[in-house]
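Following this line, the structures themselves.
Presented sequentially are two complexes of chain A, the first with chain B as partner and the second with chain C.
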Partner chain A sequence: MLNKLYGDIRRNAFAYRMLIPYVAFLALLVLYPIITNFVISLQVDGNWSLQNYKHVFQEPVFAKVSFNTVIWTVGSVVLQLLVGFLLALLLNQEFKGRAFFRSIILVLPWATPDIVVGVAWQWMYNDMYGVLNDILFRLGIIDYYLPWLADQNLARLAVIIANTWKGFALSAMFYLAALQTVPHELYEASEVDGANVWQKFRNVTWPILQPFVVTTTMLTTIWTINYFPLIFTMTGGGPANATDTFVTYAYRTAFRFLDFNRSAAMSSFTFVLVFLISLLYLRVLSKKEAERQ
Partner chain B sequence: MRKYAVLVALLLAVLVSGSAFAQDKLTVWVGGHVVEQEQTWAEIIQSFEEATGIEVEYRLIGFDVYYDTLVTAFSAGQGPDMTFADLGGWVPTFAAQGWIEPLEDRLAASDITEQIWPNLWPTVTYNGVRYGLPWYTDCRVLMYNKIMFEEAGLDPDKPPVTWDELLEYAKILTDPRQMKYGYGVSGKRSEVATLGYMMFLFGAGGELLTEDYSKAAFNTPEGLAALKFYTELFTVHKVSPPATPSYGEDDFRSMMAQNRVAMAISGPWAFPLIEMANPAIKGNYAVALHPYSAEPASVLGGWASVISSTSKMKDEAWQFIEYITSYDVWRMWIARHGGPMPTRMDVAFDAPEFDDPRWEVILEVFPYAKVRPPIPEWPEVSDRIQNMIQVVITGQATAEEAIATAEQEINAILGN
Partner chain C sequence: MRRKPYQTVLLYAAVIFATVVIAFPFVWLIITALKPYPEIYGFPINYIPKEPTWEHFEYVFQLDFATYFKNSVIVSGGAAILTVLVALLPAYATVKFNFLAKQPILISILICQMFPQIVFVIPFFYDII
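Up next, the complex of A and B:
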């Protein structure tokens, strides 16, 4: 097997040489911190021990943080999927000014820096001066201003909404690109057969788009679990840990309490989790590829 | 071969240009509330440079991110030569990590040392050694908006003295439809929530930790009464704005400047800040001893100058520290800004600006002010107190449950 590997390298020597700088860069910037972090997580006062992990999993707040992470991820991904997909369908239609709308809708939220998004939304959710409360109040939807970022459930909803606003553009862009690979002839053919909008979607659009949706959802999931800046600037993980996810909690443990070992345990755990999800995604993707062939 | 030579040359150029910036200037990071006085800082730095010939490179860092910025820098060994550490426990925390320089010898040789208020030294001491020179200090008091008092029919020269009066006045001053609230309860997850609770705890005659800082001592009838009163101001009586779990002292001060919140805990650093927020408030706000139920109480705060242990310019850093803590610079600062409270007793007694009624209150209350436990575990302990307050004000637990849990957690942190 090693012979095969050597042969392969020799034949593609040029390609491998081109990869070396990138791999070296990756190794330094990514592998080194990950490994060091893992090593720190296994140390307590310089001795090897699994104490940190035990501590992390046994802490009463761990259950809450896990729950929050799940809600945050599922909520954000589902909403970004729906909004992104809907907008992609809309932007795929022919209408005047389409290019303009595409550039505004797809680029602006994504291009806004995370911190700016966090602070802006924080002010919009403000309970005394916030724009959101004002609009909802005037529309008669609420009777009094809601303390968005101060109530546990409202805060969770608030950060998910803000994250959807920020992140849907990426999903929309992927889906739009995917939609454009659907051959027009298929639509025309289905129209000839008398298909209505829903049937066209189910029989032409969806089968072609499905792998794209799977890919994008997996990517969005991975990115959302890791997403730190938005929650941190909007709520800091509060109120009372309601919006704390693995990453914000790990951050606080390291930077507020200076407990680097325990924080390393938390973040190594998150890394393993995300890694497993990525493996799952690769497995599903290759199965779909095999099916298609 | 030539390609490698070019690469090596480029790398060397990058390294050299990078390090050239680091060497000659004294790096100073200023944080805390005084960063708002940018102009004054620029002038002080400039006059120091002119007087000593030492070039200074300084940064003004906002309070919210100051701690994180310092921790990140110190952990990477890239701390500033000189910076400020909050008297609320940062000095022991940094000293325990080995990030700052012990200053005993320098303090012994300086004539500033004997001028510092004696009750400040415990806040900069770790393992019996002093690691900082207190620069400014403060104590917390009740700040209130006289205009709102008058509008509600209350006498602006008679602030509440007891907890009952506080509640009564707050209820009179609260009108949710006009978005006016009587008392701001700091509920956000930050040190100010702990300080708020401590004001009520000490006012009830309670203690936070045992004298040797080894065990929690607040799960007592006094501590519970303080927690209940503090949180019920929001949960039951609703005299604090609806988003209280995300608000702190600084937010209430801004609201007070706009006549939205009538009373809140604050301190002398706030005098220039509230006037900056709304110049019309000048002369229309006042301070008083915070209402108490058993004994007058306050909490000490402030900032100390510290030197990084990895600094290559420690002597110059010390020179800078002595300069900003000197009598003349302090007199100039007070004359210009009217605050904050210097750690030098001579300036505090000499400066005519302190003949103001607000300052009389501050200087009267200062002897009652207690320190926060100067232990390296303080950030974690404080976090548990903040959590205790948050779970009660968000309705997740009763005060009894929360205080018992917090006691357990803090004892675990302190190693019991």
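Up next, the complex of A and C:
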């Protein structure tokens, strides 16, 4: 094994030399903090112990935080993928001014900084002076102004909507790139065969898009679970922990309650969770790949 | 594939609707920035500022704007340049060569996406020894 690796290094010495800066940075900026974080999570007053993990899991709000994380992740991912997918299909059509509409729809939300998005939406959701209540009231959808960020379920919905606005552009871009790899001849051939719009989508577009959908779902899931600034600026985890996810909880434990050990335990747990979810997606992906061949 | 006229109208309606909805939060940000305080906290809401003002922008520039701007440029520019420098070489290596460490390197990119950012923050504030 080691011999094989040694031979490989000698044969591809140039390639391995190119990896040196990357591996060095990885060790310094990723590996070192992660190991430190893990060690911190295993210590109580300088002694080795699993107390921190036990504390985190026995926390009364742990069940609620887990529930919030699931709702936040599933809601954001489903909405982002759906909106991104529909807009990618729309923006893949040929029409005049496409470049203009593409740049507004795909770039504007994505390029707006996280904190700015949080503050802007927080203001739009304001129950007295927020523009959202005003619009919905004028359209006759609501009969009275809703306290968007003060009601538990509404607050959950509110952060998910804001996150969808912020995040759909990325999946839309992935899908758009994928749609452009579909060869034109396939559409023409299926038209000659008399396929309707749905059949063309089902039998030409979808099979090519599918692996992209799995990859995009995986990346969006990972990013959403770990996404922190939006919730923190909009609600700070409130009301009554209704929008607290694993990461906002870990942040508050560290920087408000100054319990770094417990916060480290929480973030290590989050990483393991994300890792397991990614493994699941990768299995689906490799199974799909195997079917294809 | 030729479109029928009603299909073109539908397409444009959908695109313009999507654009308006998506641009709205950003447009609202700008509109609010141009309103004086009584209008921001006014009822009913004005969709077009009655007395547009630059006072908020003036306030921002009165703060230590130059320093903040300089810091942003240094941090983002430095991060961008370093990222490109570090990422360029392994990108070339993994595309052009076939070697044993190729797959682990590619997987390491995915794994780096999985850490909550707070993992990297805590070790700065905490002395292990």
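Following the convention adopted for this analysis, the second predicted complex is superposed on the first by the 293 of 293 C-alpha atoms of A that agree within 3 Å, B and C clash if a C-alpha of one lies under 4 Å from a C-alpha of the other, contacts with A are read in each partner's own complex, and residues count from 1 in each chain.
The rule is simple: a contact is a pair of C-beta atoms (placed from the backbone, for glycine too) under 8 Å apart; a residue touches a chain by one contact, two chains touch by 3 or more.
Owing to the predicted nature of the structure, the values given are computational and were not obtained by experimental measurement.
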Which of chain B and chain C A:Arg256 touches, first, second, both or neither: first
Which superposed partner A:Leu149 touches (first chain B, second chain C, both, neither): first
Dominant toucher of chain A (residue count), chain B or chain C: C
First (chain B), second (chain C), both or neither touched by A:Val131: second
First (chain B), second (chain C), both or neither touched by A:Ala264: second
Which superposed partner A:Phe201 touches (first chain B, second chain C, both, neither): neither
First (chain B), second (chain C), both or neither touched by A:Leu90: second
First (chain B), second (chain C), both or neither touched by A:Val247: second
Contacts of A:Pro239 with chain B and chain C, given as first, second, both or neither: first
Shared chain A contacts, counted only where both chain B and chain C touch the same residue: 128, 260
Residues of chain A that touch chain C when the two form their complex: 4-5, 8, 11-12, 14-16, 18-19, 21-22, 25-26, 29-30, 32-34, 36-37, 39-40, 87, 90-91, 93, 95, 101, 104-105, 108-109, 112, 116-117, 120-121, 123-124, 128-129, 131, 134, 165, 187, 191, 219, 222-223, 225-226, 228, 246-247, 250-251, 254, 260, 263-264, 267-268, 270-271, 274-275, 278
Chain B-touching residues of chain A, taken from the complex the two chains share: 126-128, 144-152, 235-242, 252, 255-260
Sites on chain B touched by chain A in the complex: 67-68, 71-72, 75, 93, 97, 176, 179, 187-189, 241-247, 255, 260, 379-380, 383, 387, 390-391, 394, 396
Residues of chain C defined as touching chain A within the complex: 1, 8, 11-12, 14-15, 18-19, 22-23, 25-26, 28-29, 32, 40-45, 85-87, 89-90, 92-93, 96-101, 105, 108, 110-126, 128
